[in-house]
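Two complexes, one shared chain (chain A), two partners (chain B, chain C).
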Partner chain A sequence: MTRHWTTHRHGLRHLLAVALLTIPSAAIADPDTYLEAMRGRALVTAGDCVACHTAPGGAPFAGGLALQTPFGAIMTPNLTPDNATGIGSWSADDFARAMHEGKRPNGTRLYPAFPYPSYTKVTRADADAIFAYLRSLAPVSNVVNRNTLPFPFNIRTSMLAWNAMFFTPGEFKPDPAKSETYNRGAYLVEGLGHCGVCHTPMNALGANKADHAFEGGRIDNWTAPNITNDAQLGLGKWSVDDVVQYLKNGQARGVIASGPMKDVVENSTSKMPDDDLKAMAVYLKERGAAGGATPSPVAATDGRMKVGEAIFVDTCAACHVRSGEGIPRVFPKLAGATIAVQDDPASLIHVVITGGQAAATATHPTAPTMPSFGYRLSDEQIAAVVTYVRNSWGNAASPVTAGEVKAVRGKVTGAAD
Partner chain B sequence: MHTDDRSAMRAKFAPPTETPRHASMSRRSLLATAALLITTSGAAAKVVTKVLPWRPNEVYPVTPVTPGGWLFFTAEEAAVVDAIVDRLIPADELGPGAKESGVTTFIDRQLTGPYGGHDWLYMQGPFATNPLPTQGLQSPLTPRQQYRQGLAALAAYCKANYNGRGFADLSGDEKDKLLAGMEKGDVKFDGFSSRMLFNAVHGNTMEGFFADPIYGGNKDMAGWKLIGFPGVRYDFRDVIDNPNKPYTLPPVSMQGQPAWGVR
Partner chain C sequence: MARRLPRKDVAIVGLGWTGSIMALELCRSGLDVVAIERGPWRDTATDFNIGTAPDELRYAVRHDIFLRTRQETLTMRNNSSQTALPIRRWGSFLPGNGVGGAGSHWNGQTWRFLPDDFRLRSKMIERYGEKIMPEGHQIQDWPMSYDELEPFYDKFEHVLGISGKAGNIKGQTQAGGNPFEGWRERDYPTPPMKQGYSQELFTKAAAGMGLHPFPRPSANLSSAYTNPYGCSMAPCTYCGFCERFGCSNYSKSSPQTCVLPALVREPNFEARTECEVTKVKLSGDGKMATGVIYVDANGEEWEQPADLVLLCAYGLFNVRLMLLSGIGKPYDPQSGEGVVGRNYAYQTGSGATAFFDNVNFNPFAAAGSLGVALDDYNSDNFDHGPHGFVGGASITNAYTNGRPIMYRPTPRGTPTWGSAWKKAVRETYQRVTNVGAQGSVMSYRANYLDLDPTYKDQLGRPLMRMTFDYQPNEIKMANWMAERCEEIAKAMGAKTTQINRLNTPWNVVPYQSTHNTGGTVTGSDPKTSVLNRYLQSWDVSNVFVMGASTFPQNAGYNPTGTVGALTYWALDAIQKKYLKSPGALVQQ
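== the complex of A and B ==
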C-alpha cells in the first residue's frame, strides 16, 4: 500500500475486507482439492442434482423444490455447505452413507425420491468428488421443511421395510464379459444418471419394477418412454450416434426433447463428454429389448379417427405437416416417433393441453414452442386427435378415451401458474 | 369509467411542470419521466434474456359470444339494425344474409366492448370540419354515441316522413331508397349526420358477416362459405404445390368446424 492511494480507495479497501469476512471458509476452494472438485462438478452434471435440489427461482443446490410423489410432496434439501441449513457439518463419510445407504448422518432414513437405490452404485471415489464439489459452493442459508409427507408416510422408519423389499445396496460391478464402453455406460445409466427412476415403471409402493427396467414410466404427468432396444417402442431403430445426438443436442431423428427430458438435456446430458454419452448409448442399445406387443392400428374409418383427422388437419398439420413428418429441427416428427406409440399417452395429452417447449442446447438453441390447445379442444376432441396421431402414418397404439384426457387435464391445467 | 381512463391517461402524458434548472437536468428528468411511464402504464417493460418467454397453458382466449338478448341495444334499436343489415346483405339463393348470420348480435356485443367507446383511438381533437376522405373519423362521438343518437334521429326522421311508421315497417324499396340517401348524405336527419349512421352500420355489417363466428356474427361461417375463405388456417404449402386443383377443405373457425364433433 503506497501513500498516493487516495482517500476513496480506503473505502474500497474496507469493502473488500468486509466481503472477505462474509465469505465463509467452506466457499474458498482449497487448491489441493480443486481437481477433485472439478471432477465432482462433472459428476454432479451427470447426476443432474441441480434439477431437484433447486427451487423455482431459488439458488442452485439450495433445495426447496416440492417433488410431487404419489404419497405427497417432498421438499428437497439444501446441498450447499451451510452449517445450519445445508450439509456444512457433514463429513465425506456422512455424504457417502446418504448416497449409498439412503441414511442421514443421524441414522434416520431418506425417502427414495432421493434415488439412493441408483446412487448406491456410485463408487466411493466419485461420491467423495461430488462431496468436494458441493463443499466448494457458496453456502446458502435456506431452511427447508423436510417433513411434509402425510401420515403414515411421515414415519421414516417405514423405509426399513421398503428397503428390505426393494433396495439392493452395493457399488456397481462391471460385467467382465462386456466392453469397457458398455460398463462405463451401465455405471452412468444405472448409477448417477438414475435414468430408470423415470423410465422404469413404478409399483404401488413407488419402487421401480426391476423386471421391467427401462420399459417406460410416467413422471409429472409426462410419459417417460421405453428406452430399451425395442424396435417399436424403444431405441431399436436408433443408432448409437442418434442416441448421442439426442442427449447432446436435444434432438435426433426428427424428434425433440420436451417435458422433463428438456431439463435433463439442458442441465445434464448436453454438458456431458461425448465419450460418456456414447457409453450410455451403447449400454442402452446392447442391454436388450423389452416392451409390450404392438397392437394393430385403429382403423382409419373409425369415427374417432375421422374426427381426429379433421382436427389434426385444421390444427396440427401446419407445423407437424399433413404426413406427420414435421419440419427438421423445428417441429417434431410424429410419424414413427416412439413417444406417439407408448402404451401411456400422457405426454401427447399433456402437450396438447398445456403446450410445451423443447430443449435448447448450444448447437440447437431455438427451443421451439408448441402453443396450448387446452382452452380450444374438449376432452373428446383431444382424445380423438391423440388417437389419430397414435394410429396414422404407420403408428399403432391403443386408442385414448375422453376420461384419460380429463384425468390429465385435471392435473396439468393451471398447474404452472 | 372510460372518461376516468382518459383523464388518467392525460395526466400521465402531461409534460412535467417543473422547469429544469439546466440542460443536463432536463435530460435526466426526461429519463426519469420515461421510466415512470413505463412502470405506471401497466405495459410492464420486460427484458428477456437466456430463456424464451413461455409458460404452460399460456393463452389469451376470446370469450365466445353467446347469442340471445341485447346488451347495448334496446329491443326497438335492435329491430331497426336488423332491418338495415338485412337490406345491406340480404338472404338469397347463395345463402343466409347478415340478419340470419347474427350480425346485429355482433354489433351489439362490439358496442359494449372497447370498440364501442373507441377506447384505443385518440379522441381529443381537433376535428376537421371538412376533412379529406383519407383523414378518417373526424368526430368526438364514440360508436356507442353514434348508434344511440343516430338511431334516434333515424326513428324521428321516419316518423315525420313516413306517416308515423318506423324504419322496420317500410317496404323494401322504401328502405333501400332511404339507405341510399343516407349513404350519399342527401337525407338530412334532425341533429345527426345520416351518412355517419350509414357508414357505422355498413362497416360493422361487413365486419360482423366476415369476422370469426366466436364474435357473434358469421354464424356457421356463412360469410366465409359465401366467398370461399378458408378460415383460421395458416399453412397453404400443400395448396401452392398443387396449382389448378380445386381447394376442398371446409372453412374452420377458432372454435373448429362441424367435422370436429360435438364439444
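== the complex of A and C ==
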C-alpha cells in the first residue's frame, strides 16, 4: 500500500489507536544526554520528521511510508537506532552529513524527497541534538526497501548532477541587519520547517524554484498557497498573531487547516513553542511580497457562475453559508480566503471531490469534516461551483475548466485519466 | 474462563453522555480510564456524513443506530398476573447502541426538573395531605435538592451549548422565559431557536389564556458555540433529521460534538468498542467490585480489573447489570422489600391535534427541540386539590420533523391506504399542528423490573422483565392534560380539533417515549434506594450508577438535562471526596 507525501490521517477511530504511540518517551535517554535529547525532540517536532518517517499503522520513526514523488515512490527509512535496519550504527558525524550534504555513511546519495536542501541550514549543534533524540528511541526492526524508484531515477549518482544545479550546501547565516526574531524565524522556515518544499513551486526536475520562494506550490494534488506577504494571494492581510494562531490552533481568520497542512499543524506547529511560531510569522511577514497579478473576477452573469451559484446554494451554503462567510471554528470562510484565489485551484477541486478533515488541536479539538461530493457532482458541475467560489464575495481568480477537474479527479480517486 | 487484563483505575460501562463526561473528567484528574462499549465507534465525520445521514428509511424506519433486539431485549407485561414475552422489535422506546448512545440519536430537549420535583412527596403531603397520594404509590423525595444540583445543571448546559431563554436568573423573573423554572445562575449559553408560524399562534393563544409560553430549551443550537472543552458547534439548519439520526451538521449536542473530540486526545483514555460487559466482578465478600467481565466481538471473555466501576449504560441496562452482578437486593413486589428494579417509571403522552384552513405550517422546517412550551400544568405549578391526581405535564407545540415516510398526519377515521388516504395526506400535511402533553409517571409497588424466569440472551443470561402499566392517577392526569391541550388548540384558531387521550393499557408497539426511569434509584434510605445521594451503590462503594435509572419517579420533562446534572454532581463527589478517601460517601 502506498501513501502520499503526507499521511492522511485519520478518523477518531484511528486517533484512538495512535494516541499513545505518536510521542515516544524520551525517558530512556541516558541521563547525561537527557537535556540534549529533549532539545532534539523539540527540533524533531519542528521538522515534522514523524510525518514521513512513519508508515500507516507503523511504529513512529520506523520508516516505511511510500512518498509519492513525480519520479516514483520512495520508501522512507527507519530512523530508530536499530543496528540492522535503522540508524543504530550511525555516528553523529554520519547523521550530520546526511542532514547537511544529503549523503549516507557509505557516501551514496539521498534523494531530495529528504529535504536536505533545507536541512543543510540546520546548525551542527541542532543536528547533534536531533541525533541524540533519535538515539533515545526504542530500536524497531523494520526493513524498508530503499530502492523503489524506477530507472533511470534509481541511479543515485544522478543526484550528483542535480546537486550541482540545485543544491547549495551550508548552514544558515543570520542577516545581521534583521532582528533576532526574524533570523530565528528564517532559520526555522528555511531549515528544519522545510516550508518551501511545498510552498515554493517546483521545476521539472523536482527542485524548488529559488526565485519564486513561497509563492505557492502543489503537493499531493493539494494547493500549497502563497505564504509571502502578498496582500491578495498571501499573508498580506494577516497579522503576525493571525499566523501564530493558525500554526498553533490550525485556524485563524475563519480559515481552517486541512489537507497536508492538517498533518503539519497536528504533528508539528501546534506543538512548537509560541516564540518559535512568532518568529516564523515575523519572518514570513517581513521577508517580502510576491505573487501574480490579480485577474478581474469572472462576471456574475457568466453562465458558469450562474450554474455554480445554483450548485453552491443547494450543496454548499448550508455550511459555508450564502455569503461565503462560513461558521467560526467549524466551517471555513470562503469569502476572502486566499486558498480560494490561488492560481492553482487544486485544493478546491480536491476537497470537493474527496472531502477533507480539519486539523484537531488542543484548543480546537473538533476537526470538522467536509463530506465528499465527487460521487454526485460531474466535472462540469465541480468546475462551475469552484469557479463561482473563486469569483464571488470579492474573490477573483481564473475560471476552472472541466478538464482541470478531470485531471485532479483522476489522481485523487484513481479514476482513469 | 476470562483472561485477566492489566488493571485500570476506572472502568466505565457504556460510552454515551454520562460515560464520556466521566471519562474525560477523570482522565483529567490523572486516572487511567477504559470505557467499554458494546456498540461500534461512531463519529460525525464517518457515521453521520451529510451524504447518508438524512436517510429516513435506514435510520428512522430500520433503526440503524439503535440496539438490535438480538443483542439484548426485555420481556414485558402489564402486571404480574401476566406472563411476560420478549420485545422482538423496539416500539414504545428505542434504546441506543454504540458510542454516543441515545445521546447521538435524541431530539435534544434539555430541561431542568423543577425544585418541587426533587421533594415531590413532601410537597404534595404538605399542600394536600396524605389523601392525595395515589393507591399503591412509592413516591419518594430525591436525596439532593434543586439548589444543590443547580451548578451542575449549569455545567451540563454549557457543555451542550443549550439554546433557550432563562425565566429566572438568581430569583429575578425574566420576560420571555419560563416563570416557573428554578433559579439559574445565568442565562442559557445560546439564544432560543427561531420558531415557526404554528408556535407563533400557540404563543399568542396561550398568553391570551393567561398561560406562560416560552421557547423550549434546545440542544439543536441556534448559533455557533464553543464549549468549555473547546468543542465547536455550528448553528442548526432546521433540517428535521434529529431524533433517530446522528447530526451531520455539528448542530446537535451529543457526545460526538461536545465531549469525544476532547476525550480522544487524553493519553490515559482507552475505548474498547463492540465489547459487552456481562457483569461487575465482586470480591469474595461481595463488598467491593474488583473490575468487570466483558465479551469482545470475537466472543472472547476478558476480565478488566479496576478500582472504580461506573455503570454508564442506558438506564434499563444499568439495572440489569446490577441484577446480574448481584449488587444490591433485588426488589420483591410481594413483600415490597429489596431495591434493585424498584420504582420503574415511564411517561404519559396525550394532547390534541388541531386542523386549520389556509395555512402553511411547513413542518419540514423543523428541529428536534424546536417548539414553544408552557409549564403552567407541570409539577405542582397548579392546584392539584380539585383534580385528585399527583403529577403534571409540560405542554408543547412543536415540529420535530416533517419527514416524508413517517410524518403523514391524517384526521382520525381516515383510511390507512388508498386514494382517500392520499387525499387526506395532501390536505393535512401543511395545515395540522399538535399540542402535546408530556406527563410525569409516579412510582408504584406494581411497576418494576426484575430478571425474567424464562427468556435468556445470546450469552445465556436472563433477560430483564418489565412489569408496567399506567395507573389510575396517570390516566386521570394525562386525560385532564389532553383537555387543556385542546383548549389551547381551539384558541389557536383551529377549524377542528381532535383530542388524544392516553392509550391504555401501556402497549409496547407504537413509539411513545424513551424516557424509562427508575430501577436503581437514588435516595436517603438504603431500604428504598439502591444508590446514596452521590449515586454510589449502598452495597458496593466502588460502584457508581449514572443515568435516568436513578430517578425515584419520573417528571413531566425529558430526562437528559437531569441525567447530565446528576453526572456532574456525582463526578464532583468522586473528585472531591471519593478519590481522596475511597469508601462509602454516606454512612448507613
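Here is the rule we go by: the second predicted complex is superposed on the first by the 385 of 417 C-alpha atoms of A that agree within 3 Å, B and C clash if a C-alpha of one lies under 4 Å from a C-alpha of the other, contacts with A are read in each partner's own complex, and residues count from 1 in each chain.
Going forward, a contact is a pair of C-beta atoms (placed from the backbone, for glycine too) under 8 Å apart; a residue touches a chain by one contact, two chains touch by 3 or more.
Please read all numbers here as calculations on a predicted model, not as lab measurements.
If you stack the two complexes on chain A, which partner ends up touching A:H364: first (chain B), second (chain C), both, or neither?
second
Going by the contact rule set out at the top, does A:M165 touch chain B (first), chain C (second), both, or neither?
neither
A:T354 contacts which: chain B (first), chain C (second), both, neither?
After superposition on chain A, A:T354 lies in contact with chain B alone.
Would you check which partner chain A:A125 touches, where first means chain B only, second means chain C only, and both and neither mean what they say?
neither
Quick check for you: in the superposed arrangement, does A:S372 touch first (chain B), second (chain C), both or neither?
The answer is both, since A:S372 touches chain B and chain C.
Kindly classify A:V330 by the partners it touches after superposition: chain B alone (first), chain C alone (second), both, or neither?
After superposition on chain A, A:V330 lies in contact with chain C alone.
Classify the contacts of A:I311 with the two partner chains as first (chain B alone), second (chain C alone), both, or neither.
first
Who does A:L205 touch here: chain B (first), chain C (second), both, or neither?
neither
Which chain A residues are contacted by chain C in one complex and by chain B in the other?
Dual-contact residues (chain A): 318-319, 357, 360, 367, 369, 371-372, 375-376.
Which stretch or stretches of chain A touch chain C in the complex?
My answer: residues 11-13, 15-16, 19-20, 318-319, 327-331, 357, 360, 362-369, 371-373, 375-376.
For a test of understanding, state which residues of chain C touch chain A in their complex under the given definition.
Within the complex, chain C contacts chain A at residues 41, 43-46, 49-51, 224, 226, 229-235, 237, 248-250, 257, 260-262, 264-267, 269-271.
Under the definition above, what is the set of chain A residues touching chain B in their complex?
Those in contact with chain B are residues 306-307, 310-311, 313-314, 317-319, 322, 353-357, 360, 367, 369, 371-372, 374-378, 380-381, 384, 412-417.
Which residues of chain B touch chain A in their complex?
51-52, 54-59, 61, 233-235, 238, 249, 252, 254-257, 259-263
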